[in-house]
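What follows are several structures.
The two complexes that follow have subunit A in common; it is paired with subunit B in the first and with subunit C in the second.
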Partner chain A sequence: MSLNPRLYPLLATIGIFLVGYLISYLQFPAMLSTRVVGNLLTDNAYLGIVAVGMTIVILSGGIDLSVGSVIAFSGVFIAVMLRETSLHPLAVFALLLIITTAFGAAMGWLIHFLAMPAFIVTLAGMFLARGVAYMMTIDSVAISHPFYSMLTSAYWLMPGKGRLTLIGVLMLISVLIGAIIAHRTRFGASVFAIGGGEQTARLMGVNVGRTTVLIYAFSGLMAGLSGIVFSIYTGSGYPLATVGTELTAIAAVVIGGTILTGGAGYVIGTLFGVLTMGLIQTYIVFDGTLSSWWTKIVIGLLLLVFILLQKGLLRLTAFGEAGS
Partner chain B sequence: MLLSIRSLSKEFPGTKALQGVDFDLAAGEVHALLGENGAGKSTLIKCLTGAYRRDAGEILLDGQAIDPASTAEAQALGIGTVYQEVNLLPNLTVAQNLTFGREPRRFGMVNRRAQSARAREMLAQYGIDIDVERDLGAYSVAIRQIVAIARAVEFSGKVLILDEPTASLDAAEVKMLFSIVRKLREQGLGIIFVSHFLDQVFELTDRITVLRNGRKIVTERTRDINRLRLISYMLGRELEEAARDQRTATKSIGQKPMLRFEGLGCKGVIEPFDLEVGKGEVIGLAGLLGSGRTETAELIFGVRGASSGAAQDDKGRIAHANPREAIAAGFGFTPEDRKVDGIVAELSVRENIILALQARRGWAAPLSRAEQERLADHYIGLLDIRTSSAEKPVGELSGGNQQKVVLARWLAMNPRFLILDEPTRGIDVGAHAEILRLIQEITKEGMAVLLISSELDELVAACDRVIVVRDRRHVAELDGDRITSEAIVHAIAQPGAASQFEAA
Partner chain C sequence: MGQTLKRIAPQLVTLTLVVALVTVIFPNFLAVSFDGTRFVGPAVDVLKRSAPVALLGVGMTLVIATRGIDLSVGTIMAISGAVAAWAITSGMGLPASVALAIGAGLMAGLWNGCLVAIVGIQPIVATLILMTSGRGIAQLITEGRILTFSDANLAFIGSGSLLGVPFPTVLWIATAVIVALLMRRTALGMLIEATGINRAASALAGVNATVLLIAVYMASGFCASLAGIVATADIRGADANNAGLWLELDAILAVVIGGNSLLGGRFSIAGTMIGALIIQTINTGIMLSGFPSEYNLVIKAVLVLVILVLQSPNLAADWLFVKSLVKARRAKVRSETP
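Our next item is the complex of A and B:
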């Protein structure tokens, strides 16, 4: 039995990550330590979490441009709420997740029931969330709650002194849950179905409206969770934070092998997309002489490679059809 | 009866898609539903499957009145459909496609192993053993078709609608499909078979129902009907005598042809043909759906590249390799699906009429507003386009008036040779006669017309000459008094009949 072609992009992603890691290791043997691995997970935790939501959205053939602003809003919301009220952070988290999930659901509702393009609706959501964050404060608000200090310093010491932080673990759990939802539930099958063709999905009995609302609600939930993680990571809330993160998340999803037009991809691929981007950054830090803009250049090239790979793959499968 | 449809009607703005149609389907029967494009087949099927809500009439399944509001509901009631193309999702695995919506689950998660086992079991009933964990898109159309049938039978299990299932299959695959259909018939399913391959209809089906212009024409047992009668039911001929007018009297005979196409052809699309076009002549192109009528027009207008042949007029060779060159040579073409290719629904009547003329002048030389209005008013008057104003969006007009706007656009270009592909498709019967009158009107000035039509009456009434197309070949040419519905039907039906007439 030959390899299923749908696996090619995923394998390419993992392959690129491993090759990249090998190159880095040969140049800087210190790269192969649990410290680097721990930092890779911690530094990219918020991106990984929001990218899981984005993967589901893109699998359905949609896009969510609001998530970067929602992360910034979340940080500001948490910081301001902790400063102004005496609520426990966990209560604030719960409140925040309800708000961002409802926000996503509302966008999903607009997209489906008013038949508006996801691009425009979530673009409006992007400005809205950023604007509300500014309304709450225009300054960076530090978070100084004892519970927060505990969260920040929560880690498990791996052999070799690497720190596996709480937020790093949270990201891995998010990826796992995202993968189960996408690949092992009826909801996930509906997401793939809509991505493969909305009309056909409807003919096969998918409740397109409900599924669309749930998809964007899930993305909102993930953006909120990512906002919490980002506030733990930075210890503050700032309305100008994470500008453009939605695009970085989309890049991670595409480098992770998910096809931008929807219907094919793996959540686990997105994890490797995020890690590959983190790896490039780590390499530049290790090198010390390279400008950090090289990160963007390499990410740009990788995106190009993956888009070409997807085109090639489509042609390959088309040839396969003609041959059979 | 397993399924009974009584006086079903469905209307769309500008067209009556179905008018009082009756249809019966017995258990253990394969029932063919036939008709040309626009006859109402797909509307009938969509009413059955819940894609459209009917306006009037009733549907009884097992004696119970049903009114499915969605495809899912129709499926649950027992009516499953397999369409020619958009059926299943090529980006999901075969197993996912087969069990979609009824996946076996454990602890809320899809149980992949049980899912694959179930899928293999379903396909085994059809004698198919494939890797069900691969994407459906990796398999041939025939396999996909069978997967779709397996799913429809599993989910519905009473009525199976096959809409052009064989259109993209080769002979061996068709055979395989037919043996499956026969097996399902023995199991007691009622099967509705829609196809334009008459051979397959005769081979497979028990009964035939023919629709034309949204009405049921006849239901008969397949073995009691012959090919000739079937085709005449499909194409219609009742109005034959009434429709024939003095057309031939005005015809110009013996003149030198205005245009000559020699050996025009395209490999795999249509065999090379010769065509001479006289000044002011109306040439009809008759044949069944898929016979090569539209392809002939597309070749002449340069929509398709010709692999052989050339065109000439009295001044020498003319280039028509693409629509731009064809327009420059004085050709015009109104395509079959005017909603897709013809009108721009959001633009006004005036803008639609001047569209092609403006395009030819180029954007550097715009028509003045006054000139545009003069042209629009002229053609609204000439063609009697029923619109409240020249500024009304074309999409809001009725089908017949939309067709007149498309016609006006080409007339404004003043072409010498106009190709009309099914100009009366989907418009009211009253407007049919008017379009035909207009064709005669415009040819008086010397313009030649190539008329493609599925309506025999129309061809008989309007044409000086009729060319019959069958199996991608021009097989016969009729002119003058020999243009009768019978002669056309004969030429379409019988391979041997061509010799009765002069070959084209």
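Our next item is the complex of A and C:
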């Protein structure tokens, strides 16, 4: 085999996205316009950013259920701070990112030092973050700051009048940075090592405690960033927003070819996972006759297809290694 | 019996503490009166409202004992509720409606079980598939509306009472007792624990782990369908979007607070039931004590964290370590003083 078998799930993801896009294009030629591409990036920007953090967590064999609540908390925090204080939005952003990063780090610390399952700790974190959002306000708070209107209208007009918005670019940059962190740094190597097996990683000399704290801190940071993007996207903060985003993000990561037990996957695949899910939604909008609940069923089926594909590939590579 | 009591002692203590805390804030919490047809009072309300989580908890305990997890139970509730409401509004009787709803739950469990046991997908992903797509299926059944009905017989399951006790309470206690007896009076419970500890080893020892796993997920689907029927009957309508939403998380929490390890291999249904009661007591307590409802989630999160930290395996190990140090020191002091 000339090609690394580990690349197969990634290539399958990209292939399915391209085939899906081709099918949509043949049915609705307007799908290929830069407007649709621009909207695909803008509409899924917050999901893409949070999914990058989730990819790192899942690569380490963990899970972070708190991110949806953290996004809602971020929106509410920004909206309330801008309403109550005269701080500049950038200062509020910095403050928010510090809070969410510290929140993630605290969860990582609990997971490692109390030896509690990530599932349960981040579940409690999910309740906590949404609870704090409720405590700040139970209403939807509109954001009306001149700086915000500037951010919302910041875009680059692509040929064909498609808008490449600031938040869309921010997502692409996040994916790039996430990919560099995961695949090109010492920290990334430690993440993969822990995902492959915690005992083994410890014997290899990986500082498991420090890495675990950093992993969840990174996920918290990305969730905070995603919250900022979401607040720019919607122009408001609402404590009931983004319920269930954590599961959508996990689904995007799995569709993107990362294996849920950890230790194998690519950050770039997650981008295509997010875009594939966005594509399904766009297709349903274009079609106009399909009900929105078909989105859920199709995403569920896609999940199944990808997992079966991965299963098959794993078996194939296992046999390949046994044979060689 | 004595062993069971010892096993669930920490959970009983926690429940007592939570009840005491609520009673201090709201003195009438334990007051129960009889209004001629049924018992009423906050404590009775807790027993009634804990029905969905307790029912889900029975199935979830078994699934977690096999080292699995079932994220789809909330969605199965929505599907079963939708099926029950659809059947009763299209003129089928109560037995047929309930049977169809339970059948839907069993089918969902069969699907999960096959994905986990035969295809070999990780339980968390396998059940995530149904969790995301199942609500779409429920919406197909209700055609995107909230399907309401006025059949008194079906409504009885949600809001009726038997000998003065709310029917949902009777249902969850009966289910828990029957399943617990089935597990502990036969070898089933032991076989499930064996599968949870090491599936390959138990298969070598002659346990049919594949069939057992499928049966466990079907049991979870069965319990979820009961919970779905109760929830639908209670509000006399099937809401595909919100029925059982996030209840899978509460059910998992009930299992963990009940002292069961997420790594499987050991289980106590009694523990989970106490866990479900603890969660509902906290919910009702926060409501009764007059805190603004915005504070519910934060208080719940903090209490859950405290309970989890107290039950943390590392903390227990540290405590044993400190105790052994103290013991050694005492022994040393004793030996030095003539």
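Everything that follows uses one rule, which is that the second predicted complex is superposed on the first by the 323 of 324 C-alpha atoms of A that agree within 3 Å, B and C clash if a C-alpha of one lies under 4 Å from a C-alpha of the other, contacts with A are read in each partner's own complex, and residues count from 1 in each chain.
Following the convention adopted for this analysis, a residue touches a chain if its C-beta (ideal position, glycine included) is under 8 Å from a C-beta of that chain, and two chains touch if they have at least 3 such contacts.
From a predicted model like this one, the values you see are computed outputs, not experimental measurements.
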{"item": "Touched partner set for A:106, first subunit B, second subunit C, both or neither", "value": "neither"}
{"item": "Touch count on subunit A, higher of subunit B and subunit C", "value": "C"}
{"item": "First (subunit B), second (subunit C), both or neither touched by A:123", "value": "second"}
{"item": "Subunit B and subunit C footprints on subunit A, overlapping residues", "value": "none"}
{"item": "Subunit A-facing residues of subunit C, complex", "value": "69, 115, 119-122, 124-126, 128-137, 139-140, 144, 240, 249, 252-253, 256, 262-263, 294-302, 304-305, 308-309, 312-315"}
{"item": "Subunit A to subunit B touching residues, read off their complex", "value": "1, 4-6, 180, 184-186, 188-189, 192-193, 195-197, 199-206, 263-264, 317, 320-321, 324"}
{"item": "Subunit A-touching residues of subunit B, taken from the complex the two chains share", "value": "71-72, 75, 81, 83, 86-92, 96-97, 100-101, 103, 105, 108-110, 112, 131, 133-135, 137-140"}
{"item": "Partner subunit C, residues of subunit A touching it in the complex", "value": "63, 65, 110, 113-117, 119-121, 123-128, 130-132, 134-135, 138, 247, 250-251, 254, 260-261, 291, 293-301, 303-304, 307-308, 311"}
